[in-house]
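In the two assemblies presented below, chain A is common to both, partnered first by chain B and then by chain C.
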Partner chain A sequence: MATQTSSGSGGFSIGDLIRRPETGSLIGFIVVYVFFASLGGAVFLGAPGWSSWLNIAAEVGIIALPVGLLMISGEFDLSVGSVVPASSMTAALLCGHYGLPSIFGIAGGLTVGLAVGFVNGLIVTRTTIPSLIATIGTMFAVMGLTLGMAVLIKGSTSVSYVPDATTKALLGTFINGMFNVSIFWWIGFVAVYFFFLHFSPLGSWVFALGGDKESARNAGIPTNKLTISLFMASGFGAAFVGVAQVMTYQSAQVAGGQSFIFNSIMCVVIGGVLLTGGAGSVIGIVLGTMTFAVVNQGIFFAALDPNIGSIIIGALLLAAVLSNDSFRALAMNYASKKK
Partner chain B sequence: MTIKSHVLRGLLATAVASLVAGPALAANIFVIGGKPDDPFWSRVKKGAEDAGVVAEAQGGSVTWLGPQNYDNLGPDAAELIRQAIDQGADAIVGPDWVPEAMDPAFEAVTAAGIPLVIYNAGGLEAADKLGAMNYVGAVDYKSGFAAGEYLGNAGHKNGACVNTLPGAANIEAFCSGFNDGIIAAGGTGSVLQLPATAFGDATAVAQAVRAHLLQNPEIDAMFAIGDGDTNATVSGIQQAGKAGQVHVCGMNFSDTILANIQAGSQDCAIDQQGYQQGFFAVSILNNYVNYGVTIPTREILTGPGIVDASNVELVIEGVKAGVR
Partner chain C sequence: MSANTPVIELRNVDKSFGPIDVLHEISLKVRAGEVLCLLGDNGAGKSTLIKTLAGVHAPTRGEILVDGQPITFDGPRDAQDRGIATVHQFGGTYPLMSIGRNFFLGMEPTKGFGPFKVFDRAKANRIAVEEVQKMGITRITDGDRLVGGLSGGERQSLAIARAVYFGARVLILDEPTAALGVKQAAHVLRIVNEAKKRGLAVIFITHQVMHAMTVGDHFAVLIRGAIAADFRKGEKTREEITDLMAGGETMADLEASIEGYMETHEGHPPKVNTAD
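== the complex of A and B ==
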């Protein structure tokens, strides 16, 4: 497998570096950053610019990490788009409407994410419904439930909640007035997922699952449990973002969050994860997320038409898939020649 | 007023006169509206029912007809209009949400000689086309205009309208109204267009606003449409370090928005005042059916109403009463 063969021997060589799967993502990030830095000027290069795109990256990134792991294992999760508003609405209802302490709202919101993930995992492992369809189904179900519950309980499609100072500081504050605290949560999640995928033995199970599910099961990997856990992780990530949004913006809306579906998948793909599963890395996903965020925010600093930003992201996505294929071909070629 | 509507009015009056010729004067008014549990429509319904207190005192009644859901809005609402005719309505109030589906039903109302008022959607054009007495409602363009004028008159002359749904006709109307309003007050206006990937994502909206303000430091007034975008815009201004320098008005309001207005982080909210739509539409018809009196002012605007620090306490009381 490309991902693991390339980092085998010690020592440093340019050849090895070029053949690392993240290289394409890194080049993409540098090109995009330099492009927008040249147009955006000093403000974009300074702290306001960095915080601007890091804030975006952190939020999408917290969802893109587990979504990426799922894609490495060969599954999609589109339900994240409705888990974000569902969890933020749950937290706002529990705390803002019923007046419970914020810890209950946070726990409630995160439980919603875990529960949706569990249901997704069950459907995908117990039936033959492909995850793409299964999670579209749960996405719509959760969307409807969120709207229904909000109107039933609160009689409104938006619920307000003003969190206490500690909760606000932990989940919704802007450090120095600019850097959202979620950036640090994102870094934390990156560390956890990096260890999980690349150092713990479970990580290779994820790759094996995406490579060939049958063989993985025959090799004794508890594929069903692993798949369900990965879906729960992506539900948790989406719910975390939803809860953090309530604490930041002090209100929850039943709509919204749909943009996370495609945005998270784009970050993952730009980051070099193979759509059919079996290949990808946490560093790649992080680079893909950063690239996406730089384009998203760069257009405002460069005073370009926002539609141009969408064109760039679209082009990047296609370029990423193409270049990933060539880098992978290069790596495979190299590996087989060595024999 | 056109000659045609004069004639029509005369015909209507004759028809009504024959209906109310009996000893008991009573107007049974049917109101077609949204789902009763829809927060906006619950206020419209409250207005209609409050006006209905007078109708009931005079022996009449007000009946609310709303769809179970919005999945099949046009045909469902058209069916409700026909139900109202079948139940012997003396007068009908209805919104022209989906003209293609609903206009034939409204035409059946006027053909039956039942006085009709269009409210909430459709504007005066729909009322004229359908032979209705009047239109009661708000106009998106004028709501935006009010926001621009408010901020411009307060001395904030360089405005930007946050558009998270480029291409949506109502949002475009709000934004062009805002820009015209601030220009009328002697300022300049622009539109901050967001990419489609930002819609519904508060962080994306906040970061876009912040970046735009950092690159365009001359902007000192902003307008956002809806609670979510307005909250995000306020956050973006704070993150740009421009709290107190850039002033914000938003369309509609919620508890959070009212708290922001109290705290001073938002200058004003524009309200289309749904309560007024129900209240005045029913009152106009009740008085007409009972006494033949009319409101010659055509197009009764229920909005824009402005909520700012000067009246926010009153608005909060109104929210508690289910009126706002």
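== the complex of A and C ==
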């Protein structure tokens, strides 16, 4: 049969498109966008609409990317929910309370994220505690530490800091008064993760880790190092968002990162990442994040009851898992049917 | 190094995990172009033995010799670099990964330079398809296909082809035919023969006597972490081997006698005459 399309020869076919794991996510995004566009009208289609959902998407997206990679490798990270406030509190204390230049606050906040990720990675690789439980543990520990430190040092659960103009411009400004600069950071992160997962030779290792850890180890992949690095990446992503929040809103709160836990996981799952690991894509995660953000903000433009938004997100999540399974089965059978 | 030097040899290898002794004084040798069949029931210590051979575990006592030289593996990667490849029951392949990526996992070909090295997908796919076809699987033509779409036998073949391509000299096959149908198993056995013809030393772990008799030159039966019988092709009938493995009278007798012997001999298993 002349179906020899090997050796990466380009070309486009419907079959190839359907086999892409992102197809389900793309359809989901289009359906949701059209739905809210028809209800939200011109405002939602214009800059105000785009900026409002892109701002949300960027914040969740910066965290969802590494969380998604972790899920592809077969691990969960729930600690991001407390790393966001912990890092923003660290940055605000270092700069706002102790008056250090903002670069120290940024570095300090990001270090907190990397450190929590490192601890998560150590617990997961050195013990048999599942990552779901391990990171719930570190989430509460970090939450308590953040509160304790803030009260101890500042005597308050919120610390304010007014960043200098450059820092503000880089991390916390609204372009045109609407588009948060973090959208560009998100795009940057997407590019980096896309390259890492799909083009760099290390990408296969992440999939292998989630597919079969034992075999990956036998194939000579440094599985522990890789797991720890991925946890550090997710800590870094959460810390980045935390630091950017201080620069944007000029204050840090002890609480307020919890929504990121479920939101990031939902973006990833809607984006087609397999919960048990081994499959997923960066494009899918990005599409999942955009879908989530459109629903999250579209509700206000469509003047619907906000509770309906939650119902839609919940239904989307279930539909996503179902459709992901179907698309995956399709991709697997495709080869064997074509005898 | 003479042609007769075993490619890999174990001498009196013990392995303990804390207070639990798993392997007792295992001695084995495999030469190039020879298939050693390792037979044993579940819990006999087969997987520990495989992991010791593959560099995952270091022996507690005793030594491993490669080409007659005593060596210590620093880990699975080190064993691989010395040409010892292990293929596990399900092929160690990842159903949701492409054939090309599976084939080159851990040894990805790259193009470009510096931090911008990218996985050379075209090259990986081309080589993977070529090598698998050389092993007689002509149905695989597209390296982008997911491994999940392959049959069990094809996955095994992919894994074996991979090991051969990366210069394996010792091929450890962990129950490659256990989960397969008759036709698929025959396919894998053909590939074992193909590997043997290419001069590889093969260690073939299995339950199925028929499969072992088809390809084996040399047999060792493992019971409770010790070698209970060691013989060459033609020295025992199929019935005798089945009896040994499948828990007939002989098996029970052997177990009892080994345990009795070890109790009276400070934990040493009885000496078995090694067939050469």
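Quick notes
Just so it is clear, the second predicted complex is superposed on the first by the 328 of 339 C-alpha atoms of A that agree within 3 Å, B and C clash if a C-alpha of one lies under 4 Å from a C-alpha of the other, contacts with A are read in each partner's own complex, and residues count from 1 in each chain.
Please note the rule applied: a residue touches a chain if its C-beta (ideal position, glycine included) is under 8 Å from a C-beta of that chain, and two chains touch if they have at least 3 such contacts.
The shown structure was predicted, so the numbers you read here are calculated from the model rather than taken from an experiment.
Taking chain B and chain C in turn and counting the residues of chain A each one touches, the greater count comes from B. Judged by the touch definition given at the top, the superposed model places A:200 against chain C, while chain B stays out of reach.
In the superposition on chain A, A:220 makes contact with chain C only, not with chain B.
When the two complexes are overlaid on their common chain A, residue A:212 makes contact with chain C while staying clear of chain B. Once the two complexes are laid over each other on the shared chain, residue contacts for A:274 go to chain C alone; chain B is not touched.
In the overlay built on the shared chain, the residue A:130 is in contact with neither chain B nor chain C. Of the two partner chains placed by superposition, A:188 touches none, neither chain B nor chain C. Shared contact residues of chain A, touching chain B in one structure and chain C in the other, are absent.
Residue ranges on chain B touching chain A, taken from their complex, read 37-39, 42, 166, 193-204, 206-208, 210-212, 214-215, 227-228, 231-232, 235, 238-241, 254-256, 259. Residues 40, 43, 48-49, 51-53, 55-56, 59, 151-152, 155-158, 160, 162, 174, 177-178, 180, 245, 248-251, 253, 255-260, 262-263, 296-297, 299-301, 303, 305-307, 309-310, 313 of chain A are the ones that touch chain B when the two sit in their complex. The touching residues of chain C, counted against chain A in their complex, run 54, 56, 75-77, 80, 86, 88, 90, 92-97, 101, 104-110, 117-119, 121-122, 125-126, 129, 139, 141-146, 148-151. Residues 3-8, 195, 199-201, 203-205, 207-208, 211-212, 214-221, 274, 278-279, 328, 331-336, 339 of chain A are the ones touching chain C in the complex.
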